[in-house]
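Quick one: structure below, then a few questions.
Chains here go by letter, A, B and C, matching the order in which they are written, and residues are numbered from 1 within each.
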């Protein structure tokens, strides 16, 4: 029975070994599960960092707009312009906290045209976890990134209507436009509403942000009328801006901010997509500048820095709808056409005596439309008609709403300062200080 | 004996299988351990990226301060102001490398009031590993982030005492204040000293940075006296700043920088906490602006851009002590009150003939105190009394130290330029150039 | 036979257990492999985020250069300077997309002096995966980061030749210099060419970017000659810049941008290396400022803000070649010497009647050479002679090429505006607007 004894002993050892293995496997499986969870959180952390920094970059666009508008505006209205531009993100962020975010992302039960998630924001249960938004960012990052976008739409209007609008009316307009109109339209696509269901595509907002702002600007300058002395005897009179360097600072900061505006619209730090978006965005800005340069030279027979600067912005607005679905080589074309369009648009507006201080309508509306349609032309797997529908539906809504608000304000509070006021400048009257006091005794 | 033979064979196979399994398990366990280490390093990498970018954002606040101070200062003193503001971070970073960091984070053996880790810095053994600071950042990131903070305290003083302080005295003051006073006080809380043990809470420095700087500023303007011609026949005479756009650039850059100032004070890229902090910070900035706007309108009967801008900064300073423990909704209130306080404080200071060129005392001291106390009122799980003790102890120390330094400097080097000097402007005398030369022949 | 029966049963169970274990181990091994892949992607995501933000920071340096040049340039040439500075990154990025990137990183089969990867860029198969560049960044990030660098070399030239160069000639020069000369020289080291094989080290481009630009600038001011009225009767005539605040904005933005310029040159988010680089970079900027301050005081007997500002840039250029291999303590010395050198260099250039509007040659060439040699002196494990060879070979090439281009342009298109043109300012003639219009009726 020696053999059997041996066998029994061996059997027992083997059994023991199997059990030991089983325990080790269970422990390893637990460790692996923990690692898997931690790994999800690591990617979540990296994604959220990207989105927070994208938020910071979009924030600085508000300084960019302030620079462009104060730089291109006349010195006598500098403080007024800056006052508006400082309060615009303030109003934008606050209204978005109170009502906008929940109007734009209401959680449609089925794709529709209106829903509302309630006033003010509170952290949802999973809002700070990797389960929220696929681990791309937290609820608070989501809110803040979108809030920075919201204020942009109003800022676009601000540049067009500058130098003659009553500041109280401007503030009321901004409250309504940014608090209600912008998020309502946005909900149709980004909130998962009816336009989204129709196949409309707008990556970072050529239509939802820029055209919406541009339509508001167009409504504003129609209702307001041109500045005094802008169109005299059929001629366009130049109103020199106070500081070209300030406008250049503004445009470069806007370009910088677009790294976050488009790059953040990936909604995560996905390496392939974010870096592609930065490249198409930058290339379109460059060819936009070239387009503005060349068209500006042909039309105005001079090296027109204003057209180069607006060309940069035109290229950026143009690529915004499709920065993730248009190839780098095609983005060159999208930007170039935008740069040419912004010059032609500026000429047409002046022919129509529509006085836009900084060219906001040409940059944001004209090129916003172009960019949205360009997705239907160049975008991988994109159709043209949904893009056209989106442009028309959003345009009709934004323009009507802005026109209505401005018209009601005109009939009630009044929207234009007095002629003396306008002539002497808005700064001395309402703000009591000058934009620049550069004197040496 | 066939059975036994079979058994023996089976037994051998099973033994072999168990051994194979054991080897596979050992290999897997090793792989899992490696993965676990690498995962720690991945999170460490992401955290450190956030902290480095937060450092860059705090750095740009120094340009923000330069913009605010040069923008609100008179044109004849622009170069002098910018000279100070350029050298301030230089002195701040260098002294922090030589003495400050090791004074502020000395590694107290038990919570106390003074300890010192030695001159100059060298990388500790684990300084660049995941073991340092819980994997939130490296030793070098730690130093640089804190160094950017250190210089802030001196910059705050700079804005208040501008337009009449002797530059040599200012530089000596900065050297001492940033090299010794700031890190000493900081060590009591952030270095794990006695105030920390008392339960005092100051997330990102409403007291440790802003009030400390504000107390220095107050001491400075008391010892210096007001600018010539500022208070005449019981009236406050406006001294218009050279460039409002420059001040606006400054404020927006400060707001941007606060993304890093507060967001980086989480000391890691933790998604939940960093994003909450950015939201409370931004909301308080917004309601601060509103508070400054409304209070400015009530008090000065005009749309006072200066008060809106200082309101933004007031809200930011106010939320800084509790940005991580105050809810977004409450942060609205903290900012609004700060915005109102900054206007009232400015009025009171002018009544007391305390001449503060940019409102630094009102922004950083008044709202720094408010923000620190607000933690005791709104902060989750926070008590009020330790906040009050912290305000008093840090205040008494910072003010006494600054007052002492300024008084000794006054008695030795002198701290004020001559009356002719002040009247003609500091630029032409000491710097030999003008801030602006905008002439066309 | 009970014993045997039992044994058989036990054997079967054990076999089953062993098989179960084997299946569990296989499943775990698969999970671990997936985790390992995902972990690689997590680090890749974090690294790429760092590199994209570094790209954004280098981009904003172009606004920094614009600020420095427009700030130090005369008001009558402001628009012209800004026109050049806006188009420079545009041309830089576009030529780099079309030809530069593939000329600079051609994939040498063996280290040589010339290779070319073809016109235009297309995503390589693995370009967006963790396999590209060791998971440090994607192909598109790689391109954009390097494109932002490329434009820098041309911008450096722009500052030196300002206020008298013909804009058409400048644009042609930029096209050739940035499209061909810069990437060719860059390929010798960063593209893995002959200089790299010689042991030459240039971390972030003291030679490859700054000196190359500086040599171009030197060639430009030699061929162009000084501005009218700059050197009269053996004396240097000051030409006051339009706006010192604008120059300060520029320098601070350049310093900020250097966080990305040097920090991004680590080519990943490696915590130890990136944070060391930021510290050496910042410390050298600080002592550079001190060096400029002190040397400026000794030489010019005044508190010369221009020398402090150029001192900052000098320190930054000086540390750029060795920011990763020089210790923080040694970086203090590298920066200090750079700050002194920039002042001495400016004096020498004026003695030689080489008129450099913003001191670009002193900052970028003189300190670029110093920084490159400093690697051979202070750099851990670095030799001196390869550094010297690199300086000489790159210098001879860059200077000759730039001199040739400028000379040919002079003989063909002409490179200098007419004397009347120069006297009245370039803005009114070619651009039709003024840089500043600060008038109050």
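The criterion applied here is as follows: contacts are C-beta pairs under 8 Å (C-beta built on N, C-alpha and C of every residue); 3 or more make two chains touch, one makes a residue touch a chain.
As the structure is a computational prediction, the values presented were derived from the model and not from experiment.
Chain B maps onto chain C through a rotation of 120 degrees [Cα fit, steps of 5, range 0 to 180]. Interface residue usage between chain A and chain B, two copies of one sequence, is largely distinct: under half of the residue numbers at the contact are used by both copies.
If you average the Cα atoms of chain A and of chain B, the two centres end up 30 Å apart. Residue positions of chain B touching 2 or more other chains: 4, 7, 11, 14, 18, 21, 25, 28, 32, 35, 39, 42, 46, 49, 53, 242-243, 249, 434-436, 438. Interface residues of chain A, counted against chain C in their complex, comprise 1, 4, 7-8, 11, 14-15, 18-19, 21-22, 25, 28-29, 32, 35-36, 39, 42-43, 46-47, 49-50, 53, 57, 74-76, 238, 240-245, 248-249, 251-253, 255-256, 259, 263, 269-272, 274-276, 278-279, 282-283, 285-287, 289-290, 293, 300, 302-306, 308-309, 312, 328-329, 332, 423-425, 434-436, 438.
Contact residues of chain C toward chain A in the complex are 3-4, 7, 10-11, 13-14, 17-18, 20-21, 24-25, 28, 31-32, 35, 38-39, 41-42, 44-46, 48-49, 52-53, 55-56, 59-60, 62-63, 66-67, 70-71, 78-79, 82-83, 85-87, 89-90, 93-94, 97, 120-121, 128-129, 137-141, 143-144, 147, 167, 242-243, 246, 249, 430-441.
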